[in-house]
Amino acid sequence: MSTLVAPKKEAADSIFNDKNLHAKNKVYQTKELNLWYGSNHALKQINLDIYENEVTAIIGPSGCGKSTYIKALNRMIEMVPSVKTSGEIQYRGRNIFDKRYGVEELRTKVGMVFQKPNPFPKSIYENVVYGPRIHGIRDKKVLNQIVEKSLKGAALWDEVKDRLQDNAYGLSGGQQQRLCIARCLAIEPDVILMDEPTSALDPISTLKVEELVQILKKEYSIIIVTHNMQQAARISDRTAFFLNGEVVEFAETDKIFSNPTDKRTEDYITGRFG
Amino acid sequence: MNLHQEEKAISVQELIQQKKSKSQNKIKSEKIVPVILLLTAIVSVLTTIGIVVTLFVETTTFFSHVSIKEFFTAQKWYPFSETQGSYGILPLISGTLKVALIAAVVAVPIGLAVAIFLSEYASDRTRRVIKPILEVLAGIPTIVYGFFALTFVTPVLREMIPSLQIFNALSPGIVIGIMITPMIASLSEDAMSSVPKVMKEGAYALGATKLEVAIKIVIPAAVSGIVASIVLAISRAIGETMIVAVAGGSTPNLSFDVTSSIQTMTAYIVQVSQGDAGYGTTIYYSIYAVGFTLFIFTLFMNMLAQFISKRFREEY
Amino acid sequence: MKLINHDQVLKKMSPRKWKNSVFKGLFMFATALALVVLAILLYRIITQGIGYLDWQFLQSLPSRNPEQAGIKTALIGTIWLMGVVAPVTLILGVGTAIYLEEYASKNKFTSLIQINISNLAGVPSIVFGLLGLTVFVRALTLGTSVLAAGLTMSLLVLPIIIVASQEAIRSVPMELREASFGMGANKWQTIVRVVMPAALPGILTGTILALSRAIGETAPLVVLGLPLFLAFLPQSVFDMFTVLPMQIYNWTSRPQEEFHAVAAGGIIVLLIMLIVMNSIAVLIRNKFQKRF
């Protein structure tokens, strides 16, 4: 199945070069990415690779560009007027900024979970089938299967299976967020982007989402932006530290948290700033 | 789990791909839809252009029959006289302004008092009861107000002022005042309630009474919104038609008398429209000239209101 | 030395409080006055017109004899008018609102449309009558038909529905749109499937308010030349017709007292229609308030 680029030009575009690197396929390759909001240079020369079936955490103080970066990965960033980019983000070997690359196509492959739970004001069922429906799947049987599978995948099925027709707004915040994850799973994406998915949740709901992420990474590649360093340490395989629009350090999570190379990473992790 | 995996391999993403290739017209709709929506948005612009062009063209025709000088300076409006017809709009303007002034005298104090009461004195519950009632008052069709003016207000006034004619400026003026009161009240109340609470609390903490807070803090801070609401309401009064057509009469005159029959610009247009002034006669075109004058009056006042509320908006 | 004499302040306190109470009384009086006027208006109309209000009144054609006069033609005409105004304003109004809120970039042209809409809302209704007379009745030779009147009224109430729809669309949270885009939906899918359903209550409320304005208006229809008296029903949108306010105007301007009572009967019917429509609007508003 894999029509992927052979990871040959590694050293040039990746600052780090550890041994496991070649073992896994790259989902995303970011090359010399720059991004401006008007005259504000928000992302500077980003080079970053995302690997298959891993959880990649992006950390950094607020305003460091971590949210901007994750929104660039499915081109949601283009909803902000006056955004300009240079450089490339390759998804499975294709530059997503290519004019011929349909943004809708990209987003059917790359799902996103947002900061605040944002279910539609519809029933639980309708929320889950939203994605498949807009992409033209109308067969009732298939839709029912998708609903069950996605809700199970998001560890929500047992809680809601008897009230699929209830309005999604009746769910608790944590359930709503898992519903949003289910909604995202319904189109069976390849990658799941999570933009501070637990920042609006209580600790117990947060725990459930974190457990879920561990399960999901068996099938999906996950990129998670978080302001919570413990969370990054708990759930991610690899961590990128962003500061002022630059990637300061990108390495395996254990290494970043135990033995950071850069002084600024150490300062941030030990809580000296941010 | 194995089965699960296999199922995934054939399902959703592949289904999506199949559907995608079938429905390429989806992309077309993405291009056509904004154009259609833009066309609907242009209808409102075309309406304005239509109004201006219509009024302008027909008024030009009118001025080929009647001189501009006569229209603006003659003291008499006698369009129906064959021999000594006179088209001086001043009497119609005077009738219009007389009615609007009476309306303002009624509506401004009451409207402002209601606004102050609602925003500063009334409890939440009272406000929740009274505001919908005011909305009802604002939603009553003008023909109903006209009926009320003619069959109730005029007879009552005639008890008090025996010299009052059946058709007069006073009764429709008062009733238009009643009609625009909710408008002044609710727009002014909006302006007053948007004055930040901290400003008021500062004054209350110093021992000011509610009246002092209302007059010294709230009204000065909300003055642009209040004035704009008054200007808008008077503009409504100037353009009001059915109340004056029913209760004002059809005698254009240039005087300050409020007890005798008058005619406003709007009432004249109604009078001609109901009669059988044939298409193409001077009288037919005269309604456009009068309509144009009316349009300019109200346009000016609406722009004034917008200017006031923009120019003097308080930035909190 | 104390700069403030507290005894003095306290002494002045009571006249200040007294003044406050007097003015509070005045403000309350003014508010009560507005309510009393409404009560008198309704009381007068009901006592005058209730006697005429029966099944026969609704089913009879207008007549020279007040005892036999009815509002059938006018009532049915009003319903025909709504039949034209509702779809036309809904399409134009919602279309404009979607364009302005979702597609238009914030440039000069957009703000021109926006300013134009707010100015259009302030144009006196009779001026719309002059526009309709020239364009629909004469230039397009629609005559005093349901269609000509309906189109004129649609333009008149268009600003109401545009503004209401814009507010409704604006109140749909950005997160919902993001969620939809995030699944690969395109703009139009997002608007149709997410934004519109969420904005629907607000749009419906605005539509009902616009319609209730349209069925209460008289002046533009007088200018169009709608008949004050009509003894047959329209069969299509190209037929002549009349509406309730025109019929009420006709009866009000007659000198005979009896016809005033008939007019009051017509007003009661018109007001009942308006109250029903507004109650529906309020119900919708309350049911769907604060969902986000």
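Remarks
We call the chains A, B and C, going by the order they appear; numbering starts again at 1 in every chain.
Note that a residue touches a chain if its C-beta (ideal position, glycine included) is under 8 Å from a C-beta of that chain, and two chains touch if they have at least 3 such contacts.
These numbers come from a predicted model, not from an experiment.
Chain nearest the geometric middle of the protein is C, using mean C-alpha positions. Just count the C-beta contacts per chain pair and the biggest one is B-C.
Chain centres here are C-alpha means, and the one lying farthest from subunit A is B.
With centres taken as mean Cα positions, subunit C sits 12 Å from subunit B.
Mean C-alpha position of subunit A lies 53 Å from that of subunit B. Here the CA centre of subunit A is 49 Å from the CA centre of subunit C. Chain contacts: subunit B has no residue touching two or more partner chains.
For subunit C, residues that reach two or more other chains under the stated contact definition are 186.
Among all residues of subunit A, those that touch two or more other chains are 105, 108, 135, 187. Only residues 26, 29-30, 33-34, 36-45, 47-48, 50-51, 54-55, 58, 109-110, 113-114, 116-118, 121-122, 130, 132-137, 139-144, 146-148, 150-152, 178, 181-182, 185, 207, 209-212, 232, 235, 238-242, 245-246, 266, 269-270, 273-274, 279, 287-288, 291, 294-295, 298-299, 301-303, 306 of subunit B touch subunit C when the two sit together in their complex. Across the interface of their complex, subunit C is touched by residues 74, 76, 79, 81, 103-108, 111-112, 114, 116, 118-122, 130-131, 133-135, 169, 180, 183-184, 187 of subunit A. Against subunit B, the residues of subunit A that register as touching in their complex are 105, 108-109, 132, 135-137, 142, 145-146, 149, 186-188, 219.
Interface residues of subunit B, counted against subunit A in their complex, comprise 4, 7-8, 11-13, 15-16, 19-20, 22-23.
Residues of subunit C touching subunit A in their complex: 105, 173, 175-176, 178-186, 189, 193-194, 197-198, 291-292.
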